[in-house]
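After this come two complexes, each holding subunit A, first together with subunit B and then together with subunit C.
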Partner chain A sequence: MKIEDILKELSTREGITPVSMDWNAPEEVHLEVRPEDFKKTCLFAHQKTGAPVSALFAEDAVAAQNRFFIRCVFASRLESKWLIVSAGLPCDAPEFDSLANDIFSAALFEREIGEMFGIKRREAFDSRRLRLHPEVWPEGFYPLRKDFKPPEKYGDTGKNYAFRRVEGDGVFEVPVGPVHAGIIAPGHFRFSAAGEPVVNLEIQLGFTHKGVEKLFEGKTAEAALAFSELVDGEAAFAHSLAFADAVEKIRGIKVPEAHQCARAILLEIERLYNHAADVGGMATDVGFSFPAACASVIKENLLALNEKLTGSRYLKNFNRIGGVLKFPPSVWETIDSGLEAAEKDFLALKEMLYGSVSFMDRVEETGILPHKTAVELGVSGPAARASGVAADLRADFSPLYKSAGFKPAKQEKGDVLARLNVRVSEFKESVRLIKKLTGMIKTGSDVKISAGEPRSGCALGYAEGWRGPVLYWVRIGQNALVERCKITDPSFNNWEGLAQAVPGNIIPDFPLCNKSFNLSYPGNDL
Partner chain B sequence: MEHGPAIIQILLIIAAAPLFGGLITKIKNIVRLRRGAPVLQPYWNFFKLLGKSDEVISQHASWLFKAAPYVVISSSAAALLLVPLFGGFAAAGGMGDIVAVLFILALGRFFMALAGMDAASAFGGMGSSREMFISSLAETAALVSFFALALNSGSTSFAAIAGDGVFRASSFTAGFALFLVAIAETSRIPVDNQETHLELTMVHEAMALEYSGRSLAIIEYASHIRQLVWFSLIAGIIFPLPPPSGCGAALAAASAAVFALKLLALAVIMAFTEISLAKMRLFRVADLLMFAFVAALASAVLAAGGY
Partner chain C sequence: MMRILWNSFKKGVLSRKIGKIPASLRYEKTGEELRSLIIKKFGRSLHIREVDTGSCGACESEIISATNPIYDIQRFGVDFVASPRHADALLVTGPVSRNMALALKRTYEAMPEPKFVITCGDCALNGGAFKDSYYSIGEISKIVPVAAHIPGCPPHPLAILDSLLRLMGNPVT
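For the complex of A and B:
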């Protein structure tokens, strides 16, 4: 259903009169309702757009308006528009009706709002904290409030995180982590197993919570742009792109087409090196070391290509507000030869894997994430596309990608093989796109970019990174500094997807399932 | 001093045991375009661990946990005494036969599995349970292959088997079955993966996960010896060469060189097997070992038919 119609029906059918409604940008509509209508409005928007909650967050506007705002973002893929439903809550006792009982994809966001802002949810089914572990973080300290003062004493609170428990004959718990044997970020995995088969898996994250969103506050847009590249190093360009997009919308800048192309090329190269690494990672986790070695060669060559193009192996410090820096001379030949090598090597890698009976036996039917579960959890990115959810911001929201004839990958089965297939076909598609985009950009003239004038306001920026959609909701204050920055990394909801895909598999298959999702710790812990 | 050469032989081979594992790793790394660790790395690891004074032992562990490494290494070394190496006869002479080797090794495994569960960590328990599952299948296949070999030579004694010197189809098939068993017994791909850091997928390593310092050094060394027991056995079976007649330093050196060549050939085969396969799903290991059992059975039939 179209957003205009949704808004109309909201007042005629549901009897909800919005407090205000305005088109913040041509593709982004803000709808403010009274707090008591918030849940009903969100449910209505959820049903009519058919979309999960893309983001749900709070904003501290106590100083200016004596209120907290909660905002819920839905994507209308049908007409490439964003619908943001907001409500202002009184600052003395902020609470709202929990959405999570009806829209599960809101559950984790609500827990985050609870611990970061001290905003209560009525009738929430899960009132536990998310990242601020009760073992170490005392009650009553809400970091994202503007008047937050850090607690004087951390640790030894005497409380424990309440894991879901499975009891019964022969059921035992296997706690894994947070410190792992490999060089990876920390996360705690609590398996309940009956023999080898896993009955339940609960994942506790947040061990590297750094307060990233708080650290954004008070930065100039330019400083914050550089900072956004540090949020998740493997997806540096996607994060920087999403942040820049938000600021550009606030400032009303139109990015020249040549620069949009250049950005798309870099975004796709980021996808290439990460997908190659993921495919190799799956081989590593089943002990298939020769293809894994081949994959690391592909990744290394692409990182070297990154360095030649942008001066940074991880595509950092090249994106600017309004566009990108200038490519070095003879860039197109470099890209062409780099891509050709990567494509050839990747094809060989693919044939090695798909031709190996022992490898295929491991990935088929392992770690199935059913379509329905993926939809309800709001899983996004390649993991969702492997379970039959064809959502992809590039196809749904980008005219540039549409004109390049982009087709999102899609698989139905939802097992490890499906996630591998999605990566393989996205790799191929990205190579095709880059070739097409370099063709488009070559004919264009050299355009100067403009970073525009600092302006206050808010906007939603987005980019489809290699793990899925990266969303940045940014508010810039009157002093031209960032007032609030809400980051939504695809890993945030996808971790729960992993937790649901594992039960029914045997314990030694967990690492493979995990690698097939390959989710981000920093993007989740923030 | 009649046992002198045999004892020297045993000491030499125990000292050289880690070399075999280091060699396989090196070959794998060369194929994977990596420089990798030096061939001698297992020795450096051993001495590093041996030199550690701060061994961490779980509060929940009993005496068994502390005793197990010594039982494990003794059983490996004792099994080695019964296997003929390059000097023709086994060091312990006619004291034990081919079946005894299997059960002596099983003693070490039994204690290792107990030790894995002793500290009550979830990983140790999983490792022990998996090891027992795998070995119960592997032992059957090994035993049947041994009987096939015994049928050939008319005796279960190693001296008779290895002293045969005739190439037989049944020996080769039995050797193949034993190679599959050895993959499982030495925790190599596709059954187990020595290189992995993923605790959840480990079999043998999971049992040893609670160990550190000197105990870990001993357990790792025991694994090296056990590995050599298996591969010496197989080398003797699939490359049967007549034992040297007479004695003398030159002859001993020559037969040692032949023995080393046999092992090198096996190391290359093992390394390429590991490189070209993905690790099996845990419950598929039963299929592989069932295949080994069928191969063993086939060799017994061949042996009974005189081939």
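For the complex of A and C:
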């Protein structure tokens, strides 16, 4: 259903009169309702757009308006638009009706709002904290409130995180982490197993929490852009792109087409090196080391290509507000030869894996994430596309990708093999896209970009990174500094997808399932 | 199987000769004392346990890159091990999130003597871009003693390689 119709039906059918409604940007409509109507409105929007909650967050506007705001973002893929439902809560004892009982994709966001702002959710089924571990963080300190003062004492609170318990004959628990065996970020996995199969997996994250959203506040847009590249090192470009997109919308800048192409090329190269590494990771996790080594060579060559193009192996410090820096003159030959080699090596890698019976035996039917579960959890990115959800911001929201004839990958089965297949076909599609886009740029990369005038306001920026949609909701204040920056990494809801895909499998298959999702710890923990 | 053998034959040895490492990638000086300890006690071989205390993932990516066939740090006697019990050195990345402070301390305590700590990347030394955060410890030395530091954001695999080899008294240039 179209957004215009949703808004109409909301008042005629549901009897909800919005407090205000305005188009914040051509593709972004803001709908403010009374707090008591918030849940009903969100449910209605959820049903009518058929979309999960893309983001749900709070904002402290106590100083200016004596209220907290909660905002819930839905994507309407049908018409490439965003619907943001908001409500203002009174600043003393703020609370709202929990959405999570009816829309599960809101559950984690609500826990986040609770711990960061001290806003209560009525009838919430899970009121535990997410990132501020009870072991080290005392009660009553809410970091994202503007009047937050850090506690004087940390640690030794005497409290522990409450895991869900599975009890019964022969059930045992296997706690893993936070420090893992490999060179990898920290997280705690609590397996409950009966015999070999896992009965329940609970994942406790937040170990890499470092207050990223708070650190954004008070930075200039330019400084914040550089900072956004440190949120998730392996998706640095996707994050900086999403942040720049938000600021460009606030300032009303139109990015020249050549620069849009250049950005798309870099975004696709980021996808290439990470997908190659993921495919290699799956080979590692079944103990198939030769293809894994081949994959790491592909990754290394692509990182070297990044360095030649942008001066940084992780595409840092190249994106600017309004466009990108200038490519070196030899760029097109470098890209061509680099891509050709990567494509050839990747094909050889693929043949090795798909030609190995024992490898295929491990990945088929392993770690199935059913379509229904993926939809309900709001899983996004390659993991969702492997379970039959064809959502891809590039296809749904980008005219540039549409004109390049982009086709999103899609698989139905939802097992490790399906996620591998998605990566393989996305790799192929990205190579094709880059070739097409370099042809489209031709001239024009010399166009001067304009960073525009600093302006206050808010907007939603987004980019389809290699892990899925990265969203940045940014508010810039009157003093031209960032007032609030809400980051939503695709990993945030996808971790729950992993937790649902593992039960029924044996513990030794967990690394393989985990790698097939390959989710971000820092992007989730912020 | 034939495909793998053929691939192996065709690709040949990929490891790069590590020639001159650009001066910009060199690491900071480390005490002679530490170096002689490593040469004497660890027999020019170093087993490292890596701990991420809240990094953005780029440092991990580069450490893993140092083990790929091109840089192949293992040929110089450096290996990354799965348990602190097997480790001579602890390689720490990230600005030490409060949630990781205890885990870091326990990992260090689980290592047998003699042992030392190397920090990797700009955040690990003093929090870097995250040092003003309410959830970052700041100075890592509050928790474990630091013997050497590899600067960079993230450090290039060659910088990691160079630092470790120099520590082992075995510089390539």
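What we mean here is this: the second predicted complex is superposed on the first by the 523 of 526 C-alpha atoms of A that agree within 3 Å, B and C clash if a C-alpha of one lies under 4 Å from a C-alpha of the other, contacts with A are read in each partner's own complex, and residues count from 1 in each chain.
Here is the rule we go by: a residue touches a chain if its C-beta (ideal position, glycine included) is under 8 Å from a C-beta of that chain, and two chains touch if they have at least 3 such contacts.
Quick caveat: nothing in here was measured; it's all calculated off a predicted structure.
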item: Touched partner set for A:Tyr154, first subunit B, second subunit C, both or neither; value: second
item: Partner chain(s) touched by A:Ile506 [first = subunit B, second = subunit C, both, neither]; value: first
item: First, second, both or neither for A:Pro186, with subunit B first and subunit C second; value: second
item: Touched partner set for A:Glu196, first subunit B, second subunit C, both or neither; value: first
item: Most subunit A residues touched (candidates subunit B, subunit C); value: C
item: First (subunit B), second (subunit C), both or neither touched by A:Gly287; value: first
item: Touched partner set for A:Val176, first subunit B, second subunit C, both or neither; value: first
item: Subunit B versus subunit C as contact partner of A:Gly457, first or second or both or neither; value: neither
item: A:Ser520 touches, of subunit B and subunit C: first, second, both or neither?; value: second
item: Subunit B versus subunit C as contact partner of A:Lys299, first or second or both or neither; value: second
item: Residues of subunit A that lie at the interface with subunit B and also at the interface with subunit C; value: 181-182, 290, 293, 297
item: Subunit A partner contacts - residues on subunit B that touch it in the complex; value: 28, 31-34, 122-123, 125-126, 189-190, 193, 195-201, 274-284
item: Subunit A residues touching subunit B - in the complex, by the definition given at the top; value: 172-176, 180-182, 196, 283, 285-290, 293, 297, 356, 358-359, 361-362, 366, 506-511
item: Complex interface listing, subunit C residues touching subunit A; value: 3-4, 7-8, 11, 14, 50-65, 68-71, 80, 82-84, 94-95, 97-103, 107, 129-130, 132-136, 153-154, 156
item: Interfacial residue positions of subunit A with respect to subunit C in the complex; value: 131-133, 135-137, 143, 148, 150, 154-155, 178-179, 181-186, 206-212, 214-215, 227, 230-234, 236, 290-291, 293-294, 296-297, 299-300, 303, 313-314, 348, 351-352, 355, 520-522, 525
